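In the two assemblies presented below, chain A is common to both, partnered first by chain B and then by chain C.
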Partner chain A sequence: MTLRKLNRYFFKKKSSLLLLIVPLVVYLFVFFVYPLTYEVYISFFNYSLGSPTKSFVGFGNYVYMFFKDVQFFVSVKNTFIFITLAMLIELVIGFTIALALNKESKSMGLLRSLIIIPTSLTPMAVGMAWKTLYNPDMGAIPYYLNCLGGTNSAPTLNPSTALFALVIVEIWQWTPIVVLLMLAALKSLPLEIYEAGRVDGASIWQSFKYITIPLMRPIIILIAMLRVIDGMKTFDTIWAITGGGPGTATTVMNLRVYDVGIQQLRIGYAAAISNVISLIGLILGGVLIYILYSKKYEM
Partner chain B sequence: MKEHQAYTVRRIMSRVFWIFFILIILSFFLIPIYWVASMAFKNFFDTFDLPPKWIFKPTLLGFKIAFNTRPILRWTINSLIISVGGTILSLALGVPAGYCLARAQFWGKRMMWNGILLTRVIPPIVIVLPVRVFMQSIGLFGTQLAVILYTAVFNATFTAWIMSGFFESIPVDIEDMALIDGCSPIGAFWRIALPLCKPGLVTVTLFSFIFTWNDFLGALTLTSPETATLPIGIMSGAGQLAVQWNVLAAICLIAIIPVMVLCISLQRYYVSGLTLGAIK
Partner chain C sequence: MKLWRRIIVFLVVGGLMVGGIALLGMAQKNMTLSVACEADQFANYLKVMAKQFKEETGIEVKVDILGYSEHRQKITQDYTTNTIQYDLATVDTVWTGEFEEKGWTIDLTPLIKRDYLEINVPDIMPVGFEIFTWKDKLIAFPMSGYSLSLVYRKDLLDDPKEKEAFKEKYGYELQVPKTMEQMANVATFFTRPKEDFYGLVAGGARGVCCGQEFMTYLKCFNARIFDEKGNVTLNSPEGLAALKFFVRIFDEWAPPGAAAYWWDGRETAYRMGKVLMQITWSISRPGYELPDFSKIIGKTGMAAHPFIPEVKTSYGYGGWGIGINADISEDRQEAAWGFIKFITSPENQKAWMLTSWQEYGSPGDTGMPIRLSTLIDPELNEKNPWLKDTMLIEFIYGDFSFRPPVPEYAQIESILGLYANMAIAHELTPEEALAKATNEIKAIYEK
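Take a look at the complex of A and B:
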C-alpha cells in the first residue's frame, strides 16, 4: 500500500468527521421528520387547534376527503392544471429564450443579470404587483385587454381565466431559471456534431431538429420535473392575487391545506390533505431520482 | 455573388429578429418591476388613472404615508433579524454537513441524501402546520426564533447540498497532507477546505438570506403582529377596502430592493447557486 492510499483509508476511518453532520441530522429529525410523522399521526384525529381534546376518527378524514369533499378534488384539479400549464409554457418560452441568448455573447452578462431579477423578488411583493396590474378598476392589464376588444372585465374575476392569470405570474417569475439551466445545457453540447452536420449539408432548422433537440431531451425532462416540483410549492402569489378565488377557482392544494388548517383550525383534516401532498411530493421525488440516475449511467 | 448577398441579408434579418425578440422578452420581465416602482412614487390619483400613466411626476407621498401609518421599521427589523439569524443557523448546520457528505463514507449516507432531496420535494405547507402546533406547545409561537428554526430546515439542507459539491471539487490531497502532519480531520475542514471554498460560502449565504427574507408562509403561520416581517406587512397593506396603491407599492419596493440589489451585485454567485441547485 502506498503512503497515499494508507492516508486515504486513515482519513475515511476517522469517525470524528461524522460529528460535523450530527447537528444537521438531529435538527432535521426535530424539525422535519417529526412534523411529517405528526401529520400522519394527527390525520387520524379530529383536532381543533387550541382545543384540549381530540377525537380519534381512524380513516374518517380520508373517507371524507375522497368521497365527500368536492373542494378537495377541485383543489387537486387546480393544482394539476396550474403546474402542468406553468411547466409547459416555461419550457417552451425558456428554451426559445435560451436559444436566442446562446447566440449573443457580447452583452450576455448584462442580459443574464437583468433576466434573473424576477426570480429573486419576494413572491408576496410579486403577487401584489400583479394584483394591481390585474385590478379590474385601475389595472393596466384589464384596461389594455378592453382596448384590444376583449370583453373580460378582469382575468382574475372570471373563474375560467383566473387560474391562467396566475400561471402567467408564475411563468413571469420562474422562466428565467429555466433559461439559465437551458443555457448551461446548451453550452455543454459538443460542437463537433454540429460541424459534422454542416459538412453533410444540414440546414439550421435540420441541425436544430436532429441534433439539438435529441441531445437536450434528458435535460428538458429534468428541468420539467424540477419545475413541477417547485410549482407544487407556490403559495404566496396565489394567496396575494386571488386568495383562492373567485370561489374556489384558484384554490390549489397548498391553499386548501392553509384554509382548513389555519383558518378553520381543523388540523386533523388539514393533515390528511397534507399527507396526500407529501405523497405526491414523494412520487415526484422518486421520479426525479430515477431520471438523475438513468442520466448518470447514460453519460 | 448574388447568393452570398442573399445569405448576408438573411443573416442580418435573423440577427435583427433575435435582437427584437430579446427586447420583447426583456420588457416582459422588467415592465412589472418598473410598474411597481413607478406606483410607489405616484401620488394617489395617478395610481388609478386610466389609461395607465407611464410617465408622471414622482413624489414621495406614498413612502411618507407608509412610514407614518404602518410599522415599516418594525417589519424591516424583524425581516433582518429572521434573515440574518436564519442564515447563520443554516450555515452552522449545513456547511459542516456538506463537508461530511463530500469526504466521509458512512452508513446512512444514502439515507442522508434522500433526506435532503425530501426537503426539496415536499411543499413547506406540510411542515408549517405541525411546526406551528409544536411552537405553540413550547411557547415559541410568535417569536422570530420560530421562523428562524422553520426556514433553516430548507436552507440548511440546500447549503449542505451545494457545499458538498464545492468540497468535492477540491482535491483531497491537501487535506491528506495536513492529516499526515497531524491535523485533525475537523481541523482540516476548518483550516483548509473551508477557505478554499469561499465562493461556495458566498453562494449559500446569499441563498439562505434571500430565501428567508422572501419567506411568507412561515412568517404568516408563526409570527404575531409584533414579529411580523415585510411580506406580512405587504399583505396587511392590501386588506383594507380603500387601498392606497402607492403606499402598498412603496412597501413592496422596500421589501424587494434589498434582495434585488443582492441578486444583481452578487449575480455570479446567484447564478451558480441556481444551476448547482438543480443538478446533483
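Take a look at the complex of A and C:
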C-alpha cells in the first residue's frame, strides 16, 4: 500500500470517527460551552434583562460582590453551613442504616425499596410538603414542639433555627441515596479479610474499626464529594419553604443568584455571582478528588 | 406561448391570488390569540369571556393562568427572547415604567384615539389610564382597578361591650380607625392570643409580598420613596415611622405565622375570623361573603385606609391592565385590541362582577371596575354597596406614587422586601434596615 493510500485510509477512518462524535460536540457547545462563555461575557456588563442597552463595567460586578455586597458573604456562609452539616449527618446516618440493612432477611428487600421513596420525590414537592409541616399556624411540627414546652415554636420563622430546619429536610430527602451507595460498597467488600480477622480473634468492633472503615474510606469520600456538589445546587426546597428568609437566615448562594437575576433582572451581576459559585464548586471538587486519590488512602 | 396555455396560466395565477386573499381572511378568523394571565380573582372569568369572544368573532383566545412570580418570569422570558408565546399579557401597575423602557408592549394611545367613542373613554376612571402611562405612552389598558382599603369586623367594632371597654381604656369611642394612632390602639385592644384572635395582619414573607405590604404602610404614613424631583427620600421620619409600625404588626398584633404569610395567608387569616382588620386590595372584598369559603359572612365593613392626620387625602390605587406584545404582527395586534375592547366593554365589566363564581370558577372569583358606570351601577351596588360608598371616592382620589412604577421597580421592590423582612426578623433595627435599603436604592441610580 502506498503512503498516500495509507494516509487516505487513516483520514477516512478518523473522519468517520469524528463524525460520530459531532452530535455530542454540538450538544456540549450549545448547552455548555456557549452558555458558559456568554455567562462570563455578560458578567462584565451592567445589564438589566430585556433592556435595549448594556454598559461595560469590567470587573465592576466582581468588585461590588467582594467589597460591597454583604448579602453575598452571608449567602456563602449559609451555604457552607448548610452543606457541611447536611453532608456530615447524612454520612453518619446513611452509614448506620446501610450497616443495619447489610443483612439478608425476608424483609430487607422491602425495606430497601421503601427507603428510597424520599429521594424519588421532586425537591419542590418535598419543599411544599415540609412547608405545610413547618407552618406556624397549623403545622404538625410547631404544634408538637409547643406541646413539648416551646412557645410559638416555629422553626422556620426563627432566624437562629431556620437553616437547621432546612438541613433536616435535606437529610430526610437525600440520606437514602447515601444508604444505597454505602450498601453497594459494603456488599462489594471482600469477605476473606473479615474471615482472616475472625481467625485472628478480632471482635465485631475491631473488624468495623480496622477493616470496614479503611475499606470504605474511598467511597465515603466520594459520597461526601457528591453530596457537597449536590448541596451547592440546592434551591427548590429552600425557596419553597422559606424563600431565603427570615431576613437572610436561609439565603444560600443559588437563592442570591435568583434574587438578583430573576427578581431584580440584574443579569450581569447574577452571572458574576454564578461564575464565583462555579469556581467554588470546582475548588471544592478538586480538593475532594485530591483527598480521594491521595496515596494516603490507597490500600 | 399558445393561447390555451396563456389562459391556463392566467386562471392558475388568478385562482392563487383569490385563494390567498380568502386564506388570509380565514387566517384572521381562524387566528388563535394567547393570553398570559396572573392568577388573581379576575382570571377565571377571562376564560369565560374568551369563549364569548370566539362566538362573536371566530377568533380563539387561549388563557394561561399563572401565579404572580411565574407570570412575571414567563412574560419576561417571552419578551426578552422574542418567542411570541403570548399575544397579550396582564400587566401589574408597577411594571409600567419597565415595560415602556424595554418596549415590551405597544403604545395603545393611537388605538384609543381611533376608537374613542366605541370605548367610551370618559367612562373609564382617569387614574386607570394614568397608572399605565409612562413618558406619554399607554403600555396597557386598564382591566381591573383596585383600591387599597381597610377591611374590618364591623360586628366587633359595633359591639356595645367592646365599645364600653375600649372607651374605658382609651378615653374615646371605638370606631373605624382613621389615623395610624387609632389603628394601633384598636389593634392592641383586639389582640387576644389566648382566644387565638389578633388585631391586625399583614404579609411578611420575604420578597415581593413583604415589599408590597411595606409600601402599603409607606402610603399610610405619607412616606415617599422618591420626591417630585426623583430624589430617593425613603429614609425620612415618615419612612421610619412606617417601618416601625410595620414591625409592630408582627411583634404585637398579627398571628404568629404572619411573618411567613403571602397575600393568600393574610386573606385566609382574616376570612377564617382570626383577625380583626387588614389593609388589602378591594378585589378580595366579595370573597368575605361566600358560604363555605368565609367564616365571617355579613361581618365585614370596608373603609378607606387610615392615614397620619396631617396628610392631604388620597387613596392607594393599583390593579391590573392588559397589554399587547410588541413583537406580534399588525393583524394580530388588531385582533388583540379587539379582545381588549371586548373584555373592558361596559357590559362585560358589569358581567365580570355580577356573574357568580359558581358558574365558572373558584370561590372569590370576581372582576373589579375600571368604569364609572360600573362603580355606580344600581344592580351591582345592591350586591356590593361598597362600590359606590367606598371605592368610587378612592378611585377619584386614587394615588399610585407609593409604588412608583419606575423602570427599576423590580429592584426597589426586592430591596424593600428583603430589608423590611430583616427588620421583622429583628436581624436589623428599623433604622438600620431603612438606611441600608435607601443606600441600595440610591446605588441603582448611581451606576
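Here, the second predicted complex is superposed on the first by the 260 of 299 C-alpha atoms of A that agree within 3 Å, B and C clash if a C-alpha of one lies under 4 Å from a C-alpha of the other, contacts with A are read in each partner's own complex, and residues count from 1 in each chain.
Assume a residue touches a chain if its C-beta (ideal position, glycine included) is under 8 Å from a C-beta of that chain, and two chains touch if they have at least 3 such contacts.
Keep in mind that this is a model prediction, so the values were computed, not measured.
Visitor: Could you look at A:Met216 and tell me whether it touches chain B, chain C, both or neither (first, second, both, neither)?
Guide: A:Met216 sits against neither chain B nor chain C.
Visitor: Could you tell me if A:Ile83 is touching chain B, chain C, both of them or neither one (first, second, both, neither)?
Guide: neither
Visitor: Which partner does A:Ala249 reach: the first (chain B), the second (chain C), both, or neither?
Guide: Second partner only, chain C.
Visitor: Check whether A:Asn46 is in contact with chain B, with chain C, with both or with neither, and answer first, second, both or neither.
Guide: A:Asn46: touches chain C, not chain B.
Visitor: More residues of chain A are touched by which partner: chain B or chain C?
Guide: It is B that touches the greater number of chain A residues.
Visitor: Is A:Asp259 contacted by the first partner chain B, the second partner chain C, both or neither?
Guide: In the superposition, A:Asp259 touches chain C alone.
Visitor: Considering only touches as defined above, state whether A:Thr132 meets chain B (first), chain C (second), both or neither.
Guide: Touch partner of A:Thr132: chain B, not chain C.
Visitor: Touch check for A:Ala184: first (chain B), second (chain C), both, or neither?
Guide: A:Ala184 sits against chain B, while chain C stays out of touch.
Visitor: One more residue to check, A:Pro159. First (chain B), second (chain C), both or neither?
Guide: second
Visitor: Check chain A for residues that touch chain B in one structure and chain C in the other, and list them.
Guide: 49, 137, 262
Visitor: Hey, which residues of chain A end up touching chain C in the complex?
Guide: 46, 49-52, 55, 57, 71, 135-137, 152, 154, 156-157, 159, 242-249, 259, 262-266
Visitor: What does chain B use to touch chain A in their complex?
Guide: Residues 18-19, 21-22, 25-26, 28-30, 32-33, 35-36, 39, 47-52, 92-94, 96-97, 99-101, 103-106, 112, 114-115, 117-127, 129-134, 136, 149-150, 152-153, 156-157, 160, 172-173, 175-176, 179-180, 184-186, 189, 210, 213-214, 216-217, 221, 230-231, 234-235, 237-238, 245, 248-249, 252-253, 255-256, 259-260, 262-264, 267, 270-271, 274-275, 278-280.
Visitor: Which residues of chain C touch chain A once you look at their complex with the stated criterion?
Guide: Counting only chain C, the residues touching chain A are 73, 76, 79-80, 98, 101-104, 205-208, 255-257, 259-260, 269, 410-411, 414, 418, 421-422, 424-428, 447.
Visitor: Taking the touch rule as given, give the residues of chain A at its contact with chain B in the complex, in rising order.
Guide: Residue positions touching the partner: 3-4, 7-8, 10-12, 14, 16-21, 23-25, 27-28, 31-32, 34-36, 38-39, 42, 49, 96-97, 100-101, 103-104, 109, 111-126, 128-133, 137-138, 140, 143, 172, 175-177, 180-181, 184, 222-223, 226, 229, 232-233, 235-236, 239-240, 254, 257-258, 261-262, 267, 270-271, 274-275, 277-278, 281-282, 284-285, 288-289, 292.
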